[in-house]
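Each of the next two complexes has chain A plus one other chain: chain B in the first, chain C in the second.
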Partner chain A sequence: MAIFEIASFGAIVVLVVLGLGIIASMMGIFNFAQGEFVLLGAYVTYIVHTAGLPVWLGMVAAPFVVGALGFVLERLIVRRFYAAPIVAMLGTYALGLIIREIVRGLIGGLYLSVPEPVGGSVAIGGMHFSTWRLVIIVITALVMAGSYLLLARTAFGLRIRASLENPALARASGISTNAIYGATFAFGAALAGLAGALIVPVFTLFADLGIRFLIQGFVAVMVGGIGSFAGPVAGAGLIGTLSAALPWVISPVIADVAVFVLAIIFIKFRPQGLVAGKGV
Partner chain B sequence: MTETTPLSTVSLTRGISASRQWRVLPMIEIAVLVIGLLLPLVLQDYLTVYATRVLILCLFALSFDLVWGYAGIMSFGQAVFFGSAGYGVALLARDLGITSILLVLPAGLLIGFAFALLLGGFLLLGRHPASVIFVALGTLTGSYACDRLARGWYYLGGQNGIPSIPPMTIGSYELTEGPVYYYMAIGFLIVVYLLCRFLMRSQFGLALAGLRENEQRIAFFGYKVQHLKAIIFSLSGAIAGLAGSLYAFHEGFVWPNMLGVVISTQVVLYVLFGGSGTLIGAVIGTVVIEAVSFWLSNSYQDIWPIILGVLLLLVILFRPAGLISLLLSERERVGSFGRPGKR
Partner chain C sequence: MQEKGFSPMSQDANTLSRRRFLGNAALFGTAIATGVGSWVIPAGWANAAAGPIKVGVGTDLTGPMGYAGNADANVARMVIKDINDAGGLLGRPLELYIEDTASNESVAVGNVRKLIQREKVDLVIGGITSSMRNAIKDVIVSRGKTLYIYPQLYEGKECTPYLFCTGPTPAQQCDEFIPWLIKNGGKKFALPSANYVWPHTLNVYARKVIEANGGEVVFEEYYPLDQIDFSSTVNRIISNKVDVVFNTVIPPGVGPFFKQLSEAGFLKNGGRLACVYYDENTLSINQPAEIEGLASCLDYFKALTPEDPFSAKLQAAYEKQFPGNFLFAAGSAATGTYRGLKLWEAAVKEAGSVDRDAVAKALDHAKIAEGPGGPAEMVPGQRHCKMKMYTAVAKGGKYEVVARSAGLVDPKEC
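Our next item is the complex of A and B:
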């Protein structure tokens, strides 16, 4: 039972971190608004739910809505930041602040719950597992595999990697790096939106939903190693598992802090992360 | 003899023209100082209390400006030093009954310094030079962790923090909020400001500015880059600690938010908005943001944070040097260190 809890929480963290990791690795940008993309995904799901439509419809819509918004923001704002990573950090932080406060204004200071689209539990070997958490694990695995295939096996993925490795050469070869960056950012945002939509039944919807995941996400990306696909995923798996497993052993507050502190110490002595090197 | 005369006149005239171009910054500083000194005479009492809080936050903003504006270290955890000093003096007052200004303020200063030395030493020193992202993330995590620990620690009052701290005392006189506290805060602000100003115009400040512009070159000049960073980080922690202890006694209570991510990022906003890399920019940014937020908070409480975010984004996009750059030329803002004509 504990193992299932841990696995499902690990899956959630992987899902949240995937978009962050792709943007950080492929574009070299630390997107501080990523947590707010997660929040937006959750909010879209909530809106669709309150409109009387089925929840799963909101979950399907969320990645597209958030991805589209990510694309627009990239075109208008984020693309000005590529030259300076620190300014990018602050700029996306400001963006995140705007999104967060708008959502806070819309929902008030409330904690809103969204029901699971698939309720109940599945009995396997005499133990009951929450169906929705199982669905999250399965979808995470699918999304992970899909993203990997997209980046590693398709022509589009090849272009993304080319734009990362050597932008000048990529442009000279007729790849529009501008469009690629826009698409990559939108893709990362869409993944965050999906994550938000899927986790909102487990957590409730509140304005500061994103902040917690933001710190967790960055720590995971750094632990895993920037520049590769496998790095952030591995980091997220590790951080997610630890965050879920430690509270079973020590008090939750200490566990929460201990994971982050351990992670920072790890990064200090191995700055390149778990998976060194670039590529997919 | 005949050769030296024209040379000296050249350097003389250059010195004069440079000093003529150099007048805007001191003028702004003096204007701000005069306004600050006269303010309690015209403000109502409750506004003086609010203004005192803003002054203390200015002091806090200065501490962030030193690390980010001058040395280029992105510290997202400035509240750790602010809050830990606040908690420290609150505990001194609550458990030991120590409220004398001669003891609590140095204690706050030391606590801030010690925490900054520990965190900064860990993050900045070592075999691998720390990347900017790592420092930003490490400080942010530190702030989050302290907030969580304070919330969960019964001795520190948990969620509620430590309420009703007795007032700070000088001898038997109790310093309560109001004009007296205001003038004390502005006194500390002026002293710290002048110290920072002196420090930033010294060789040390020059090396820090070089660090911000091109770290590698400063390293090649033979400076111990990491040591410089750790020193300025600890100093800024001490200033934040002073601000935190003043804040704790002014408000009369401390609570976990004082350590957390919200305050840490708020101080970043102040400095970026006003103009990092100039000391007066940090002060102006704090005053403007706090004044506007006070003014708007009654009627537009909900949309004020959104406006703040939009303004910040606009500043970052179009005025990276902050509000101060509207008044100050680039040359004067960056400044030429040392004597004019000897660049």
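Our next item is the complex of A and C:
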């Protein structure tokens, strides 16, 4: 029981951090609007649901809508920040703030429920497991595997890695790094949109949904190590599992702080993170 | 920003005269001077000798508490308009000043100071969270030398002179409710709570009432305010075979918490959910099946409208003036705001002036015969309000009133 619950929250954090990690690792910028992409994914699902269409349709649409928006934002705004990562943080933070407050206005600051496409729970030996959380674990595994294959095994993935490692050489080899950056950012945003769509039935829709995961996400990326695909994923798994597991053994208020303290101590002794170096 | 629609001045503004132009320009100037986030609703007939009486509202129009603050501001607009339409107070019109406290205490102090120092209001009503009340009460009451009415249900123990509370206290929300829960749920209580002052203080009182009525608290635990995963909590509730979950976890955590609880089979096994801030706003957080049977105890539910003609009239008037997301509900202090303003109106009438001491003296024993959920009266010396209390249960996404207090319930404060 405990293991299932902890794994399901771990999977949720991995799902949320995946897009953040890809943008941070492959493009070298910290996207502070990532939480709001998660929120937008959730919001798209809610809109589709209130339009009377099935919820799963919203979940399919969310990554495409958010990915497209991510692409537009990268073209218009984010690309101007590549030279200055610190400014990029502020810029994306501002973007996030704008998106968050617009959504807050649209939903009237309320907390709204969105039903899951497959609801209820599976009872095994007197214990009830939430079906939807089970689905999330499975989808997270699939998305993780898919993203890994895309980055490690396809020509597109190779171009992304090339653009990260040596932009000048990549351009000289005929790769349009501009287009690659746009696509990567859109892909990261789409993953966030998917995460938002999948978690909204669990956590309800509210304007601060994304910000809740943003800090955890950044700690996960720091702990996991920037520069690779595996690093942030490993970090997210660790942070997610820790923050779900600690309240089982110590007071939740202390557990909340303890996760961050442990993360800081870990980074102090291993600044390069769990997975060092660049690559996939 | 200029609020329009309440003053005759804007209704027939299509005949533009020089005087009207100057009047509108003056209003526009005020709007600029008071800044964005301030609303001034002038009385339409500001020709009385003594000038208008100024009512200040400081509430959370933006930020996480915005859904409640906007409803409270709407209620104030409605009440002030009604009083003005009926000829004002003491022959003087009322003017409403609304400031945004932005769900942020440091912003709030500055904006409330504007109400006191620049507008020199005769009354401030507002504040939703206890931390907000604590942040602005000094600005209003001690340094501002102004009356303050706090309209929200809260943990009690606020005994500052010149500060009057018109929302329910722990005694009002527990004394009749907890015996009902023991009868209709069971004796084993769990108190999962958000880690701030309201749950801590309320739980001390609730525990006393639970134990006095033969129940027991098997588990009391506090969580960070933004925690949204409650698997360990749910596990302990199920494994301890808890009968009643007396919840003070707040949004955003409460939705996921109730969902996990129902997925773990708590409701199926006959468990009872209870949450004393649950009103019509919070019903939408979960799907109806996840909170089936949730019980709440408040001074008003919309479900009362078929049996209480005055509440029905009020509810209809509010919905007509303010259709949309901001509901007239008890948990967001909307009913407390109504009660507060009407009690203050009665006190000003009795005192015959807006002098702070005279009004406070009259407000100390003010009564209103009609209000949301019934009459209300101040308990002399307590600066808290006696009112009727109702227990309601959520069924299929709607409340059903299942119990009501015999008379007005004592707040038992101060």
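Note that the second predicted complex is superposed on the first by the 275 of 280 C-alpha atoms of A that agree within 3 Å, B and C clash if a C-alpha of one lies under 4 Å from a C-alpha of the other, contacts with A are read in each partner's own complex, and residues count from 1 in each chain.
One rule holds for everything that comes next: a contact is a pair of C-beta atoms (placed from the backbone, for glycine too) under 8 Å apart; a residue touches a chain by one contact, two chains touch by 3 or more.
Please read all numbers here as calculations on a predicted model, not as lab measurements.
Of the two partner chains, chain B is the only one that A:271 touches; chain C does not reach it. Looking at the shared chain after the overlay, A:80 reaches chain B, while chain C stays out of its contact range.
Of the two partner chains, chain C is the only one touched by A:9; chain B is not.
In the overlay built on the shared chain, the residue A:253 is in contact with chain B and with chain C.
Residue contacts after overlaying the shared chain place A:202 against chain C, while chain B stays out of touching range. Contact with neither chain B nor chain C is seen for A:51 once the two complexes are overlaid on the shared chain.
In the superposition on chain A, contact is made by A:89 with chain B only, not with chain C.
Look at A:222: by the touch rule set out above, it reaches chain B but stays clear of chain C. Of the two partner chains placed by the overlay, only chain C lies in contact with A:110; chain B stays clear of it.
Shared contact residues of chain A with chain B and chain C: 104, 251, 253, 256. Residue ranges of chain A in contact with chain B, taken from their complex: 30, 77, 80, 85-87, 89-91, 93-95, 97-98, 101-102, 104-105, 211, 215, 218-219, 222, 251, 253-254, 256-257, 260-261, 263-264, 267-269, 271.
Those residues of chain C that touch chain A in the complex are listed here as 63-67, 195, 221-224, 226-229, 231-233, 235, 251-252, 255-256, 259-260, 263-265, 281-282, 284-287, 290, 324-326. The touching residues of chain B, when paired with chain A in their complex, are 74, 122-123, 126, 128, 130-134, 136-138, 140-142, 144-145, 148-149, 151-152, 261, 265, 268, 272, 302-303, 305-306, 308-310, 312-313, 316-317, 320. If you check the complex, the residues on chain A that touch chain C are 1-2, 5-6, 8-9, 104, 108-113, 115, 120-121, 123, 128, 130, 202-204, 206-209, 212, 243-244, 247-248, 251-253, 256.
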